[in-house]
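Please go over the structures that come below.
Next come two complexes built around chain A: one with chain B, the other with chain C.
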Partner chain A sequence: MPRRTTELLRGGALIVVATAVVLFGFGANNYQLQAGTTLAMAVVLCLAWNIVGGYMGYPSFGTAAFFGLGAYAGGIAQTYGLPMGLAWAAAALVGAVFAIVLGAILLRLRGHYFAIGTIAVVEVMREIANNWDALTGGAIGLSLPILAGSPRFAGIFFYLAMWALALLALLLTVAVARSKFGFGLRCIRQNEDAASMVGVDVFKFKVAAFVTSGIVIALAGAIYASMVGFIEPKDAFNILLSIEVPVMVMLGAAGTVLGPVIGAIVYVVLRELVWVNFINFHSAILGVIIVAVIYFIPKGLLREFSLTRWRKWTAPPAPAGQG
Partner chain B sequence: MGEPILLIDGLTRRFGGVVAVSSVTLSVKKGEIVGLIGPNGAGKTTLVNLITGFVPKTAGRVVFEGADITQLASHQIARRGVARTFQIVQPFSEMTVLENVMAGALFAGQRSSIKNAVDRARYYLEFVGLDRFAQFPAADLSLANRKRLELAKSLAMEPRLLFLDEVNAGLNSGELKHALELIHKIAETGVTIVMIEHLLRFVVSVVHRLVVLHHGAMLSDGAPADVLQDPAVIKAYLGTKFAQRHKAELESQRLKYQEQVQQSS
Partner chain C sequence: MIAQYVANGLLIGSLYACLAVGFSLIYGVLNIINVLHGTFVVLGAYMTIYCAQLLGISPLISALVGCAVMFVFGYLVQRLLINEVVAAPVFISFTLIFGLDLLVNNAMIQGFTATPRSLLVDYGSISLFGLSLSVARLGAMALALVLTGALYWLLRHSQMGRAIIAVRMDRHAAALLGIRVPRVYAITFGIGALMAAAAGGALALVYPITPLLSGVFLGKSFVICVLGGLGSVPGALVGGLALGMLESFGTIVFGSQWSTTVGFVLMLLVLVLRPTGLAGRKGYE
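So, the complex of A and B:
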């Protein structure tokens, strides 16, 4: 198929899905709206994590740190009287600055050390939120101004806002995947020395990826805070979020455009089904699913069932002789 | 061949108490092919690592094309036109062969687009004879081809100075012949080459000049024939056997030449 046709088809599919998502929002009941918003948030977080964890190959468990930071930054800004939109922008800015500072320190570590470093950050952030009573309200939590209008209007509004952010994250991912920047990140994932040998400014690229990812996650946190109207440290800086997001991305396929989306959808639907049917031990069942994912489909659903794989099976044998 | 492209002055690197490279001073002329030889652990690779910015320098200065690059980071040095291959090949193993070479074309030279990088990558793949493997995963290549890939990747950076760190180690004689042709072809395009090599016969047939390192210090520097006769080099590296054999070979060549001259006169 010519490239142009493929592009048009992809664009068309995106528009159809986006329209369906919007229409669903207006027709859904409250439970469906909430589930839809949760799904959108999972998609956003997965796409954002995928830039650092997928394309760049740095196993970050810092999602909750950026999410909580965004939630608190937006929440605090709103309690000080900033309009919601500006509060979200402020949260994005705080997320960016935090990513630069944190990235400059943590991105000097690799592999497990980086992973442990990011976990520690989540813990430290939660303790700060717990103890800085004057700013965060401490362990009691922080109440945000409620959005004017009916609860139904608010429900639809946040549903659409979260999906709009998901669309933004998707377009951002497409841009990364097709750019020199994304190519450089893939080089970094495979071999940092070789990447710098061919002229990739490894450190700058890593920080830039961290910032891109951090902004999106912080924005998701800020929208979440405005939506729920009340945040507390153990909820905003929840380490489970840091673990679930990479699992979802790996389930779909890390380092691809659609993998994180597919992973988020499959995981959230599974989680919902398990929760509804096995309320008593749903976390145990989810745990088994997580282990199964890592064990059986480490490369992700998208790669496991992709066209390229199919082509590989049916491809003619390699040219003989390597001399 | 004329003005120096690379000047190294008192370059030193200590690892704890070990002096890996000890005050090496060297100049490489534009268009030259220089062979860097010496026993294992002599500091050859470390010297290249120092020049290309992969290892911080303890002391000394590096000047490339008249500009001081001592303090630059490795990617900055790469962008200025200094490329290197790694002794232990470092492919981007999840990428295709083509993508590997694209990486060289994308980031090092002038600002280039992905499309432009594809074209240049194809050109250099053909140059080293890997074009039919373009869509293969780099991890699937044989050692000889991985070495060629490493070469294509560094050529795609369109460097003016190229360090080859044992690109020929582990190759069989047919592959060596091909490698020799390649190096000549690269040199013809005007690229200055510094090559680390253990295969002495191979080096001598390619280079204009030989530099010998021993215990991190420069032992000898000059025309290959002179360096191979240098008693210090024979003692430290070549061993008397090689020197005698080499001398005998030279002698027989000289005699053969004289015979030819006499016959033709």
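So, the complex of A and C:
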């Protein structure tokens, strides 16, 4: 197919899906709305993580740090009387600044050290939120002003807001994947020293990726905070979130545009179907999913079941020496 | 007064050294972050508690029983599950072990419930140079230090210990010399679990234990290993004592609610400024 046609088809598909998502929002009952919003949030977080963890290949477990930071920044701004939209913008700004500072420090580390560093940041942030009573309300939590209008209106509003952010994250990912920036990130994933040698400004690229990802995650946190109306440290800075998100991305396929979306959908649907019935075994089931993903589909569903792979199976074997 | 804080810091620091040494060993040899470590500590503690309470044997023997069981458990977990991902990128091994940890931890909460348990031994306390030292704490410290020392000695002098060090220096060269690397991996993991169980047993003498604490123990192991330099036994000792002192004095300066945070912040600083740890070079013993 000519490239132009493919592009048109993709654009058309996106519009169809987006329309379906919006229509579903207006027709759904409360449970479906809530599940839909959860799904949208998972998609957002996965796409954002994918820029750092997938394209750049840095094992970040800092998702919860940015999410919690966004939730608290937005929440605190709202309790001080800022309108919701401005509070979300403030959260994005705080996320960006935090990502620059943190990135400049942590992105010097590699491998295990980077992973440990990001986890430590989540722990430190949670303790700060726990203990800084005057600003965050401490362990008791922080209550936000409730959105005016009926609960149903609020439900639809946040559903659409979250999906709008998901769309933004998707377009951002497409832009990253097709740009020189994304190419540079992929170079860094393959070999950071070599990338630096051929002229990729490694440090700047890494911080830029961290900031892009951080802003989106902080925004998701802020929208989440406005939606639930109440946040507490152990929820906002939940280390499980830092693990779940990469697992979802891996389930789909890291370092691709659609992988994180597919992973998030499969994971959230699985969770809704299974966890409702086994509430006591919540984390055990998550554990089983993680183990299964790593043993059986380490490259992700998208790559396992992709067309190219199908062709490779059906095509005659490649001549020796081509790997 | 200051001397009392120093003494407390040293007492808890020795426990911390024992807590982290297995974690550090596994990191050094297998090059993986053992997220299960905290869970191993809690399992060891529970085994000590149950053995002592149900069978009525002394806490020391119970702790050793717990160690033996955990060695076998660790050996099997590595051989059957973790060995598959040992050569994979950090992200894969980390996530897999985290998944295993979620499974075991959930099982523990279901099996043991989240209620804190402890051995509640009261041997009184002795007075030394005007300091009051609880005998149970001294015993826990002795147990921790003896086992850490024994591990250090074994690594340097036993055949298996030298094989472990060889694998850690260069796994390919070690394989060429006829060392069965997968077996060394599994035994190392078993030793790591054993040391975790020992720390758990010692901690059970001093603190109430719940399955929910596994994350705390894991976090402390992280901090200690980074402080002392990831992957060395003396490093774990230095890091453990450093964290013990830090928490003891941090409580005076910042208040007890910040003690965890102080540890983590210091760890981040060390990670960035001096990734080889306070003890300096990357050790091999």
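Quick notes on this structure:
One rule holds for everything that comes next: the second predicted complex is superposed on the first by the 308 of 323 C-alpha atoms of A that agree within 3 Å, B and C clash if a C-alpha of one lies under 4 Å from a C-alpha of the other, contacts with A are read in each partner's own complex, and residues count from 1 in each chain.
By our rule, a contact is a pair of C-beta atoms (placed from the backbone, for glycine too) under 8 Å apart; a residue touches a chain by one contact, two chains touch by 3 or more.
Quantities reported herein were computed from a predicted structural model and do not represent experimental measurements.
In the superposition on chain A, A:Asn191 contacts chain B only, with no contact to chain C.
Between chain B and chain C, C contacts the larger number of chain A residues. In the superposition on chain A, contact of A:Tyr295 is made with chain C only, not with chain B.
Within the superposed three-chain model, A:Gly287 lies in touch with chain C and out of touch with chain B [touch as defined at top].
In the superposition on chain A, contact of A:Phe183 is made with chain B only, not with chain C. Of the two partner chains placed by the overlay, only chain B lies in contact with A:Val202; chain C stays clear of it.
Across the complex, chain B meets chain A through its residues 52, 54, 73-76, 78-79, 83-84, 86, 90-95, 99, 102-104, 106-108, 113-114, 132-133, 136, 140-142, 144-145, 153-154, 157, 174-175. Across the complex, chain C meets chain A through its residues 27, 31, 33, 81, 84-85, 88-92, 94-96, 98-103, 105-107, 110, 215, 219, 222-223, 226, 230, 257-258, 260-261, 264-265, 267-268, 271-272, 275. Taken in their complex, chain A has these residues touching chain C: 53, 59, 105-106, 108-109, 111-113, 115-117, 119-121, 123-124, 127-128, 130-131, 239, 243, 246-247, 250, 280-284, 286-291, 294-295, 298.
The residues of chain A lying in touch with chain B in their complex are 178-180, 183-184, 186-187, 189-191, 193-202, 318-319, 322-323.
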